[in-house]
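Note that the chains are named A, B, C and D in the order they appear, and that numbering of residues resets to 1 at the start of each chain.
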């Protein structure tokens, strides 16, 4: 097995792991972490596309590489926005949860938890 | 020689991994920050060794970037920790 | 099995184990530190895939800047954890989800194993036209020349994210500076670190941007390192975050995409096609655009980490 | 085997040893501050010796200079982290 295939398999496992964390972890911050793990798994799968497309004397295909770089930056921007939303929710209501039961009590503002 | 460099990189990664098991679990958050520091140094070391062995170009710059950012996690940790009133006066133990 | 293979397998296990820690750890803070470690290990994996440009991006953004963002958030959310913990899924639904996720991972793994040995690739085209751009690094050529439109939109995404974060400010803070005003004296060690690190880091950031034309590096990576330097200076309280209504700040934020767009329109006028660079003039044009992109990234990332304004704009005037 | 190779092997081997020693310290020491002490050994000597071993193999003077700069930066980061974390340990008394 080549190192590229191995990295791709790790990427596949990371996608599964991140997806699980995204669904099963209740805390929003943990969901953001899980989403990032999932995203980096996708990037790794893309990375092996780059390595397998190595041609023209290059060790790695530049096109997928450039797209992964773009992806990392966009993933960061999305994470930062998500973190800001969670912190704002926490500031406003004193808790950071996405659970619908937590908001059924008529405790005033902050009902738009999304 | 290549094999030696790779084996050294592997040995460092292995020791770092063992250290991670110990301190990522805590007990305190400060211990966890040590984990970040440990993997930072070990990561840079094995990065340089792997680069020297496989001949990947431009890896010094990656290591340089990692070295620049090595203290960032700790800095953020200290910065976000509860403000200390009298840092130097208290002896925690 | 060669030493290299053994190393790869060990690295793969380590990456997976740390990722699993990030997902399954008890406390939010422990998981976040795990994620920082994970980001660093990923850049090792990218080195093994010979994608040095990506490794550099992952090291600077994935590990460094994201680490500051998430550790700060985790520390502030520490009190919020206990009650949400009780509502985590148990029993059968949890097992069901786990099974589905394993299935997804297995399907992806099968796809990975079924990849053709030499897939379709645009690398030959990228290399063939490389001399026309005057660049030596094909990744930079893809980013700024071949897929310029894509990269410009991605810069726009960064600006939009900053607008999104700022818009979360309470009404009375609109236009103010992010971060609470703190009276406590700065940590002297941190101040020392920032004073020594920042000049060196600015040098390295510009170096990485400059060599990006021919070697691994480029605007993203250089900009991210410059951004990190601004962040450390702000963390050490050597300088305060600027008011978000400051004109220079907003100008610097949009400078990258704006110059990029102007260059694109200029291409439509002078070179006959949107985002085409005039022959023989490509490299200076690309470096010019990249310089403004570096500026925008160096300003946007710290603003994203700093969060929405939390101080009244009027109160800042006294500083 | 050339003399340069021998030098590299000795230096890098010693570096790996210090990483090992640092980790053993992390595993064995009872409280936070002494674990911090163990950690700094890996930072200073471990990476320092590896850089020393790699120096003769550097492709260019610039690459060699970068190696030394990397080591110096890690020194700086290690020293500050030790200070900052050490202070946090003392403040909270988390050294269980």
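Methods note: contacts are C-beta pairs under 8 Å (C-beta built on N, C-alpha and C of every residue); 3 or more make two chains touch, one makes a residue touch a chain.
The structure presented is a predicted model; accordingly, all values stated were derived computationally and were not measured.
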Highest contact count belongs to the pair A-C
Rounded to the nearest Å, the gap separating the Cα centres of subunit A and subunit D is 32
Subunit B and subunit D have mean C-alpha positions lying a whole-number Å distance apart equal to 9
Chain centres from averaged Cα atoms put subunit B and subunit C apart, in whole Å, by 20
Chain-centre distance (mean CA atoms) for subunit A and subunit C, in whole Å, is 13
Within subunit C, the set of residues that touch 2 or more other chains is 4, 48, 50, 65, 76, 187, 190, 193, 197, 200
Residues of subunit D that touch two or more other chains sit at 69, 73, 76-77, 80, 84, 87
So subunit A residues touching two or more other chains come to 59
Which chains touch? The pairs are A-C, B-C, B-D, C-D
Residue positions on subunit C within touch of subunit B in the complex are 2-4, 6-7, 10-11, 14, 17-18, 21, 25, 29-30, 33-34, 36-37, 40-41, 43-44, 47-48, 50, 52, 55-56, 59-60, 63-65, 67-68, 71-72, 75-76, 182, 184, 187, 190, 193, 197, 200-201, 204, 207-208, 211, 215-217, 221, 225, 228-229, 231-232, 235-236
Given the complex, residues on subunit B that touch subunit C span 3, 6-7, 9-10, 13-14, 17, 20, 24-26, 29, 32-33, 35-36, 39-40, 43, 46-47, 50-51, 53-54, 56-59, 61-62, 64-66, 68-69, 71-73, 75-81, 83-84, 87
Within the complex, subunit D is touched by subunit C residues 187, 189-190, 192-193, 196-197, 200
Residue set of subunit B touching subunit D in the complex reads 1, 4-5, 8, 11-12, 15-16, 18-19, 22-23, 27-31, 33-34, 37-38, 40-42, 44-45, 48-49, 52, 60-61, 63-64, 67-68, 70-71, 74-75, 77-78, 81, 84, 87, 90-93
In the complex, the residues of subunit D that touch subunit B are 1, 5, 8-9, 12-13, 15-16, 19-20, 22-23, 26-27, 31-32, 35-36, 39, 42-43, 46-47, 50-51, 54, 57, 63, 66-67, 69-71, 73-74, 76-78, 80-81, 84-85, 87-96
